[in-house]
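Shared between the two complexes below is chain A, which has chain B as its partner in the first and chain C in the second.
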Partner chain A sequence: MADARAAMDGDRTLAYATLAPSFFLLVLLAAVPTVTVFATAMQDVGMGDMSGPYVGFENFAWALESQAFYTALWNTFVWVFGSVAIEMIFGLGLALLLNKTFLFRGVARAVILAPYLVPTVVAVLVWRYMFHDIVGIINAGLITVGVIDKPLLWLNSQSLAMTSVILVGVWKFFPFVVIALLGILQSIPQEQYEAAKIDGASGFQQFWRITLPYVMPVFLLTALLRTIWSFHKFEIIYLMTGGGPLDATTTLPILVYLKAFSDFEFGRGAAVAILTFTILIVFLGLYFLLIKRAEAHQ
Partner chain B sequence: MTSATLSIATAPDRPRRNHELADVHHLASRMMVYLLAFTAVSVVGFPLFWMVLCSFKPGGELYATPPSFLPREWTLQNYRDLFVQTNFPTYFANSLIVAGGATVLSLVIGGLGAYSLSRFKFFGIAAFSNAALICYMLPEVLIVLPLYIYVVKLGLADTLIALIIANTAFTLPLALWFMRSYFNAIPVSLEESAMIDGCTRLQAMYKVTVPLALPGIISVGVFAFNHAWNEFLFALVFTSSERNKTLPLGLATWIGQDNIYSWGMLLAGAVLVTIPVVLFYLLVQRKLVVGLSDGGAKGE
Partner chain C sequence: MGRYRARTGAGIASSLFFVLVSTSAFAQTKVVRFLHNETDPPSIEFYNKAIKDFEAANPDIKIEMEAVSTDGRLQKVLASINTKTMPEVFKLLPEERFEFARKGYLVPVDDVINEIGSSDYVPGSLVPVEGKTYDIPYTLGNYGVLWQRDDMLKAKGLETPKDWDELKTAAKALTSDGNFGFIYPAGKNRMASIYLSAMIWNAGGTYFDKDLNVSFDNPGTVKALTFLKEMAAYSPSGIGSYSYGDMINVYLTGKIGLDIYAPRLAANAAVNTPEIFKNTSAKPMPAGPSGVAVKFVNANSFALSSPAVGSKNVDAARKFLKFIVTGERLEQFSLTAYPHLIPPLKGVQEKVIKMGAAQVLNGREDIGRLSFDTSNSLDFESEAGAVFKDGKVIRSGVVNPYIGSIVARGIPAEVVQRVVLQGEDPAKAAAWGQERMKRVVDDLKK
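Right, the complex of A and B next:
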């Protein structure tokens, strides 16, 4: 494409004019806010005119000394690694299953992808109805089967809330893993399996020696992408529990929101947001490193 | 998979017996596939199935313990109540305006930008593409704080315009990346011959490149629409009045108050919010699966 581009080179005005709206929108709505959030983090900003006295790194110091921050950090790790690990395992399993040919495979695929497509608010709504301690089908079902003898407070107990939220998160987001892995599974050259069969490789050996190595780069990238996205996921947790009960499901993004828009301490909220972003940058760096390596391999 | 394991492990000396065994085993593994597929579909599909089912149950059945599985009495009462007793129609209209506006803006702005990135060669082009990708990775919760401050200062708080612009900014990076790759796939020579026939470059783009890239453009549009249709955080932070709420925000405010609004109406609302998404999915099914898996593989 480089040659073709060079051939069209010359109409500089048009080139800049067509790119300008995108450029300005991204600068104004992504780059500038990313910079100004630092200014906010260094002020004691309350409601009203949205600015306040300069306080230096006081808001950061507050965050790093507060129990709330470390609890949120721990909750974030539990949420991210809990949900990503389960998503990857189920995602791989179901991708392998959907890669086989069977009747109604198209229907099965559509049903399995559906949770990823429904709006988060819809997912939350139906799961909250199912988790409901009195009218919910989950408690009713477990009582009927005899696993429990009285209703469990899925979303309102300190010990169960995070597990319940992770369950909903996995249900909502694992189809992404299925789609990503199905794409790569379908591109494995069939001759490799034919050759392995002739050599007498068992099904497990074929999976271990051919499928897994082939899929691994995409598997890792997908896991990393899911990690990044789960890390700053806000609405699914906020809508399920609001971060509660107490702080049982308050992850870092929830803490940012609660500080800024519930306690109206914008400076502290901004400081937590920046600390969150700093951790995320490590993952982003890894992501781009992996992409570059994958591109170099091709 | 497992059929191979067994036939090799037992390795009987008579080939015919081997054949029969392999057949039996083949059948067993086929049944296993169907069993697993059935289980997966039932478990994954149940919540949405349950949502649709319960949205047709009358109030009494929704609160019955233990709950009935199939509605004993099918009713449209929940849907009727939704339109008569709540602001659902307002929310729906607001969501259409926000999602429609953001889609048009992303396509026009992103389409022009993608054309430039695809067809011209100039300083900083790679840096810009990468920067756009990084923007897509920025946490919403980091951006929402300063944006809220701007929105308040500009007097745009509690308006749909603020939501349209914020949603456009978030879908723009992907619109740029995807449309650039669609444009890249279309030979420049087609445009050049149109220009020899007397078109200006913009006309050539509009008359030749855009129609050819249309399937890709449509799938970007569907993505943008879906994103804005589902968006919650900006709506939550920017909106304060009832008349400017979008669907996700409107439904979310009811969830907490299940004493006042019945679950029936909420579930009916959830079904109606999902319908446009399903329609769009059917429209671009193949494109979407291909696009998403490309995204997973290449990080675009």
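Right, the complex of A and C next:
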């Protein structure tokens, strides 16, 4: 008995010892920056300073009372839900299409991945040129076919800028949805479709009764994952519009950047970052809940 | 066994010797890190060669160059300051000068300037902070040249506009058949702030008075904003997102008649669109209601960081700084984008004009001369309390430590966007700008 306990203690020590490096790495990579940001949010830190006077929750109070924060929050929701909704619907449609057998299906699947593989900076620069009012191919094309008679201001109209950014975001990230859904579509047993056909089920009924229930857990997980990733997406919006015109595309991550590196109010920027992080935690909670339910479903 | 031991011992001894030798060699080499944002391929090529030459002449110094994008430079600098790993030599923006000098991040460079000869610098290009100079200009940027399409003006029977009224008339006449009479930047960017500033000065206003009180909400600002609002009708509809690049790229499409911008336009046109270049002339900027054509001319400078923020080899850095901003290097660097990069040393300018005209602009010296004319100019730091009289700009001599923070926050650009994109009344937008600027300055004065 004593031998068994000693062996168990030894195993435990070994387990802690082997876990320790990962634990310290995790602390170094995740906890330290989070605590640093939180500490910065409690100070009035200016340009080129490491720290500043302690101001308690003043920066959080500023954020929660500021119109800029709520505009950014609204813009973030428009950006996230706009892009994720289109990505999911479009992605599912394409995944269904790519799940069919047709000539050059392999090539089509590879081509679909292309936008996801193009570096964001390159993609954005190309899109910016395509959206340009004078040299842009999109306006030129639409004018040529007679859809519009003068160039649309894709990136500098307050009503159109967010739509343009969402469009580029969807183009860039829908391949991820396609790949995720294609994987689950390919795992659906064909016998179920054959049985349904024998029972006289229509194409829509097969989709509704067989495909959708199979796909749904992965669909929801992918949607949630894309929501989380889109929530803190920075570079695509910043490179496209810089948050403008005025504040039309200023999302929370852009506001954090502008506060820190344009206004040099690092404390306020950090406070907005912490608030963004808090909202993300809610989504993370949802994500884990869905994972649990998906596991239970399986 | 004995042989094995002897061999092992010899191995260890030689390794130790190698480590000692290489360590002492490393200790003798002084590393100078050099951070800049001149990322054009010809500029990089120039710096690589200059560094090679410097290292050959100074074998005890090694230069480690890091070229970053203009947008990424500030983050890099701030992160390096926070971690006390600042490169010894770095590109400093005017808006950082006062703050960095006051906090002890910079080393004075008056001795280097005296060795070069302070009187040879273009007036106004050296800006002291509390009696000491902390940065040395390596090029000047002139945003006040009127580029005109001679063929388009001729076709409409127009002369070069000399003032805002003529400019408006010409722009209106040129706006037809898919062409635009004018172009200006109204994006949420620094270029829009630069442009608005020149317009305000041309209209007789300034951001600050000579006592450094915010005076943005003045008749000059309202006139400038009203003018820009009117000129939007003769400009491409996309100006609301235009920045530096668009001022050139859109002109090079051949659809623009008049463009007030920096000489990089000519450099690009000469190389990429020779036909448009042939029909393009450089003319003096039209005067505003103040009666003066005020140009925005700013200096691009290098500074030395202090040991307080991690600089390790200040003396070696000082040597490299002097090398890179003088002599043949200054000429060669200026020629990498002639006539855009104006050498700040008067003694070098004439030679560069002649060489540049021959090498780049098909012998057209007039373009270089007009581009290099930095008279009647202001920049953000020198504009406080400036007076516009008898066709001349009279500077107050006050160096403004606050305006950099206003420009960095993009407030002037936002004022332009409110007027041009939202259609806000210019007087109201000027009042909004005044209120925001005052809040920033009050905070800084605390």
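Assume the second predicted complex is superposed on the first by the 272 of 298 C-alpha atoms of A that agree within 3 Å, B and C clash if a C-alpha of one lies under 4 Å from a C-alpha of the other, contacts with A are read in each partner's own complex, and residues count from 1 in each chain.
Just so we're on the same page, contacts are C-beta pairs under 8 Å (C-beta built on N, C-alpha and C of every residue); 3 or more make two chains touch, one makes a residue touch a chain.
Everything numeric here is computed off the predicted structure, so don't read it as measured data.
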> Putting chain B and chain C onto chain A via the overlay, clash or fit?
Replying inline: clash
>> After the superposition on A, what does A:Met42 contact: first (chain B), second (chain C), both or neither?
In response: neither
> According to the contact criterion defined above, which of chain B and chain C contacts more residues of chain A?
Replying inline: B
> Can A:Val165 be said to touch chain B (first), chain C (second), both, or neither?
Replying inline: neither
> Where does A:Leu73 make contact in the superposed view: on chain B (first), on chain C (second), on both, or on neither?
Replying inline: neither
>> Touch test for A:Val135: chain B only (first), chain C only (second), both, or neither?
In response: both
>> According to the stated criteria, A:Phe261 is in contact with first (chain B), second (chain C), both, or neither; which is it?
In response: both
> After superposition on the shared chain, which partner residues are touched by A:Lys150: those of chain B (first), chain C (second), both, or neither?
Replying inline: second
> Touching A:Gln206, do we find chain B (first), chain C (second), both, or neither?
Replying inline: first
>> Under the stated touch criterion, which partner chain does A:Ala273 make contact with: chain B (first), chain C (second), both, or neither?
In response: first
> Counting only touches as set out at the top, which of chain B and chain C does A:Leu92 meet: first, second, both, neither?
Replying inline: neither
> Taking the options 22-30, 76-84, 166-174 or 382-390, which segment of chain C carries the C-alpha atoms that clash with chain B in the overlay?
Replying inline: 76-84
> Considering each complex separately, which residues of chain A are in contact with chain B in the first and with chain C in the second?
Replying inline: 50, 134-135, 261
> Which of the residues in chain A end up touching chain B in this complex?
Replying inline: 1-2, 4-9, 11-12, 14-16, 18-19, 21-23, 25-26, 28-34, 36-37, 40, 50, 94, 97, 100, 102-105, 107-108, 110-115, 117-130, 134-135, 137, 140, 143-144, 171, 176, 179-184, 197, 200-204, 206-207, 218, 221-222, 225, 228, 231-232, 234-235, 239, 253, 256-257, 260-261, 266, 269-270, 273-274, 276-277, 280, 284, 287, 291, 294
> chain A touches which residues of chain C in the complex?
Replying inline: 74-75, 77-78, 81-82, 96, 99-100, 103, 105, 186-189, 236-241, 246, 249-250, 253, 255, 405, 408-410, 414, 417-418, 421-422
> Which of the residues in chain B end up touching chain A in this complex?
Replying inline: 1-5, 8, 30, 33-34, 36-37, 40-41, 44-45, 47-48, 50-51, 54, 62-67, 109-110, 112-113, 115-122, 128, 131-132, 134-135, 137-143, 145-150, 152-153, 165-166, 168-169, 172-173, 176, 184, 187-189, 191-192, 201-202, 226, 229-230, 232-233, 237, 247-248, 251-252, 255, 263, 266-267, 269-270, 273-274, 277-278, 281, 285, 289-290, 292-299
>> Which stretch or stretches of chain A touch chain C in the complex?
In response: 47-50, 132-135, 150-151, 153, 155-158, 241-246, 261-264
